[in-house]
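Quick one: the structure is below, and I'll ask about it shortly.
Note that the chains are named A, B and C in the order they appear, and that numbering of residues resets to 1 at the start of each chain.
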Amino acid sequence: MIRITALAAAGAVSLLGSAAHAECSFENDTPVSLLSAGFEAWKAVSDAMAECGNFQAELDQEFRTKQPAAFAANPSLYALGGVANGTITPLVNEGTIRPLDDLVAEHGQHLNENQLIRIDGQVMAIGMMVNTQHLMYRADIFEDLGLEVPETWDEVLEAAAAIREAGVVDYPLGATMQTGWNLGQDFVNMFYGFGGEFVDAQNMPTLNSEAGVNALQMMKAMTEFMDPEYLVSDSTYVQQQFQQGRIAMANLWGSRAGAMDNEAESDVVGLVESAAAPKATEDGPPATTIWWDGVVVAQNIPDETAEAAFRVAMEGLDQEMVENNNDAAVWLIPGYEPTRLAQGAIATLQAQPNARAYPSTTAMGLMHTALGNGVAAFLTGDKTAEQTLEDIEAEYLTAAREAGLVDG
Amino acid sequence: MKPRVFAAFVAPSLLMMLIFIAAPLVSVFGQSFYVTQPVYEQVEVETCTPGFPTANCVTETKSQPVFDAEGRIETRTIFVGLDSYRNLLQLDRVGGYLASGDWGAILNVDFWAALRFTLMFTLITLPIVLVLGLTIALAVNNAVKAIRGPVIFMSLLPFIITPVIGALSIRWLFIGDGILTVALEQLLDRDIAMFAQGWTIELMMYFYRVWHVAPFAFVIFYAGLQTVNQDTLESAIVDGANRWQRLKFVVIPHLGPLITFVALIHLMDAYRVFEEIVGFSSQSHVISLQWLTYDFLQPDDAGNRAISRASASAMLTMIGIVILLIAPVRRAWREHKGVR
Amino acid sequence: MATNTLRQPLSLRLASGTFLAVWCLLAIFPIAWIAVMSIKTPVDAFAGSFVAVLTGPATRAGGQGLSVLDLVLGGAVVIALTRWAFTGLPGIVRRATPAGWIALGWIVAALLYLALFGLVVLGVLPQLLDALDAVAGPLGVPVIGATFEHYYAVWVENAFWRNFVNSLIVTAGVVTVSLFVGTLAGYALARSPSNLAFWLLIAALIFRALPHSVLVAGYLPVFINSSDWLAPIFGEAAPTLYGKPYAVIAVLVAINQPFTIWMLRSFFQNIPTELDEAARVDGCTHFQAFRQVIMPVMWPGVITTGLFSFLLAYNDFLVTSLLLDAQNQTMVPAIASYFNRETTTTDQVEAIAAAVSITAPLFILVMVFQRQIVSGLTAGAVKG
């Protein structure tokens, strides 16, 4: 099977017309495989890894389900894994990925200090890109109406009111509020913006607080200016709304920025600008979270395989790859030239006080699920803010007890 | 047929069903009374994540699983009895709502909301499917021979199309400024958002299911119509029965067993409604029992799955199926006895 | 028969005709519409008016479209080829194949026909029409925007043909195994009056009603770790079942068994018992009677049941998406991946093109086996 896939991979590469093998610095003779998510940046990285030969990539939308089990198998079904802040948690918890300090010392001196993801002092993953939700807006509309670029969510609402008044777009605001993960994520952003904490040191929920109520109310206020179908709008949907000129602002993922200037799809090429994520309070951090994507190496494989896999990974994360795919992400890798549309992501990352990195904890995983299922009830008007938060806390507690995270 | 021969014939099929259906089912039943969880400890951990231009390091207290000597996670399995069922049904809360007369609030509990939708979905689509199927069958039977072939062909398409694709194709027609939404807006001269509120989504789900299943009912009924006894029909005409009476007293009784068959299949399939929830992403408004189980089993980012509650919800779903099937099974048993 | 009394008033005929027309429109509209969307650029595909999507101004502006000439000539060729498949082809097959090999003859004929169809419609026709358009004047100017780039992207660039092959392998496996195992059980259940047989059928009925997600989630860890727990039996060679098509075939066969045995049992019940009794008197064992006397008259039932197994395996999403890796992924989960990755609008139109591609074989299937589906379903259902 491996031979067939290698053949197929070779075929695919030759179709793209690039002179494959020559670009890899070494000839890889150990079979190496990767399991990761399947978005653009991973495609670029895995194509670059494939240059070394004997490499097989699996970009799978079910990777989240498969990864923990596949890495727990002995030997692990994959040598390399693509993870993000959230998805690294089960692998660290179960000890199925290996510390990379030795390999970094030997093969990774060129890595940026910033790329080394350390957990408890050990390098556990090599970061390749950061992603964050930040403000994107139609610069032309803002100029026409003489509006300032908003820095807080209150200003966003004012601007939205003005845009609605002028009637230049269908809906002034867009947001990734699809029920489930997306909606949970939007709440997390806003809640951190208001200075909230999800759990205390004993993992007991501390959601039902002023910050929680404020976050919910701000989200509700936003929905006034949004397409009423916001509960099914995911990132692609918001991106399309932008492209078709139906919205004027949204707090959207940095990785989506490039699509605004895609001439085949977009009616608004060159009109969308980006800025830091708005703050929830005047002196607070931007109401967003910082995400990273990176590579991990499996524990349950021979050391030689791990070494080969790491070298292949380094090849995938090299400068050449970044130069060829500069626009695919906000890369952490040397050689990256920030483009016009990356400014918002960078401004968000540099804002003071810092926006938080999305926490990689078991408790957060449970909380995020409970939020994703529970927040909608307030937005649709079925429950009051307090009742909503109370129910989410109760759901979180049930799940946390079942997971053994809290007692009794 | 001797028992040994019977066993030899049935064995391969039975074996497969035992391994892949019965065994998982038994394990699910067991799991619903137990909870298996890792043992956690609190540790101080320093974590560094990328910032721009330098990394951010924070130290925080985290819960981490404890490892045993072999490097595997230490877990404990606790007998929790009916706790998972209780967590699911939340009877005390429901009792509170009932006592306060606030009946609608029961639907705040996921399980009851799922049950409400699943039952309504099953019971509303059933008569529509039967009537629509029968009407199409009668109309096709009524049509000139030449067009029957093409009509049957077109009618079969919704039935054989991949369910995921079918649901998506209908979703594309309606979502956002989908083509049919725009048409509706022009027709009614008002702004319409089909995915903005629960009842419109529910309506689309009913529509999709009827669209998908009515052809099946139609084909069965249509074939049944070919064997209606012409003599009976003619004597009914001689007796002066009008069209409606002939349909009611001759045709429908003839189709009786087929109607039962279609109804039974539809009950079973509609009860496990699932693709619609995913296809129309209706989670925030309506969920079904199978989706609830599926959702418990989906790992979140941190890899947690609520296995115990999933098992409990699966068992409760099972009980529903068994209740639905009691009546037909009793009838079949009586017939079986009669045959012997 | 007294046709006069059965003749219907005009109003009834009209009503019934109108109803049929509306129903047919409803039945094919969603499918036809995605077919139209799949040949437009993203801007047109998601446009807000019927006319814009149908005529595709943006697609046409991009220089891609069909002229009147293309529509007329191309349509005529496609229709002629399709008609010939039903009128001319059967005769040729019958004449060219020796008796007893008719099934094989049909398979060869179907493959040859597909090759011919592909060659003419995808190979010769576009070249010819391009040449004609250049000289045809106003008739050669594109009037309807149409582009096949999404199909090209799906099938060639994204190697969708591999998913197609995987789908073929899984479906063929499921249909064969499920029929083999199912006919044996169905026959025994139809011929045994015992209580055991009855309760087996009832158990199967309950299994049939089970929500699949309950079962499927339990498989994943077991399949991934299979080399561990199979080691005592197979030793070093113990396979990892995860990602293997045969493992998925086994699961789908098992899930499909309840329906298969119920259906086949009904068909076997329609075959008079005298037939096997006569064979038994002649000294056949049960199995010989089954193999040599019963099976030859069971073909209609087997074909219908096979079609249903085909549909189940071909359309399955839950099992295949979870238990297969990317290399062995079938078509339906492959489409879902178009949506779950960070999609662009182009990806969505490609997904629509892929969705249409998936539907095409089903389309052909219904066209060919329509009669078997209708007659077979009834024969199976009347007794069921």
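Just so we're on the same page, a residue touches a chain if its C-beta (ideal position, glycine included) is under 8 Å from a C-beta of that chain, and two chains touch if they have at least 3 such contacts.
Remember, it's a predicted structure, so these values are computed and weren't measured experimentally.
Student: On a CA-centroid basis, which chain has its centre farthest from chain C's?
Tutor: Farthest by centroid: A.
Student: Of the chains shown, whose Cα mean is nearest the mean of all protein Cα atoms?
Tutor: B
Student: Just give me the whole-number Å value for how far the CA centre of chain A lies from that of chain C.
Tutor: That gives a centre separation of 38 Å.
Student: Measuring centre to centre with CA averages, how many angstrom lie between chain B and chain C?
Tutor: So the centre of chain B lies 22 Å away from the centre of chain C.
Student: Whole-Å distance, chain A centre to chain B centre, using C-alpha means?
Tutor: Distance between chain centres: 33 Å.
Student: Among the residues of chain A, pick out those that touch two or more other chains and give their numbers.
Tutor: Within chain A, residues 65, 240 contact more than one other chain.
Student: Please list all residues of chain C that touch 2 or more other chains.
Tutor: Within chain C, the residues that touch at least two other chains are 46, 336.
Student: Given the complex with chain B, which residues does chain A contribute to the contact?
Tutor: Per the stated touch rule, the residues are 64-65, 68, 84-87, 89-90, 93-95, 113-121, 127, 130, 178-180, 183, 201, 203, 227-232, 237, 240-241, 290, 292, 332, 346, 349-350, 354, 357, 359-366, 368-369, 373, 376-377, 380, 382-383, 391, 398-399, 402-405.
Student: Sort out for me which residues of chain A touch chain C in the complex.
Tutor: 1, 4-5, 8, 12, 15, 37-40, 56, 58-62, 65-66, 69-70, 72-74, 77, 235-236, 239-240, 243-244, 253, 255-256, 259, 262, 264-265, 267
Student: Which of the residues in chain B come into contact with chain A in the complex?
Tutor: Touch list, chain B to chain A: 35, 37-40, 42-43, 45-58, 60-65, 67, 71, 73, 76, 84, 87, 108, 110, 175-176, 193-198, 281, 283-285, 295, 298-304, 306, 308-309.
Student: Touching chain C in the complex: which residues of chain B?
Tutor: Touch residues, chain B against chain C: 1, 3, 5-6, 9-10, 12-14, 16-17, 19-22, 24-25, 27-28, 135-136, 138-140, 142-143, 149, 151-158, 160-166, 168-170, 172-173, 177, 179, 182-183, 211, 215, 219-220, 222-224, 226-227, 230, 234, 237, 243, 257-258, 261-262, 268, 271-272, 274-275, 289-290, 293-294, 297, 310, 314, 317-318, 321-322, 324-325, 329, 332-333, 336, 339-340.
Student: Under the definition above, what is the set of chain C residues touching chain B in their complex?
Tutor: Within the complex, chain C contacts chain B at residues 1-2, 5-6, 8, 12-13, 16-17, 19-20, 23-24, 26-28, 30-31, 33-34, 37, 46, 48-50, 53, 180-182, 184-185, 187-189, 191-198, 200, 202-215, 217-219, 250-251, 253-255, 257-258, 261, 286, 290, 311, 314-315, 317, 332, 335-336, 352, 355, 358-359, 362-363, 365-367, 370, 373-375, 377-378, 381-382, 384.
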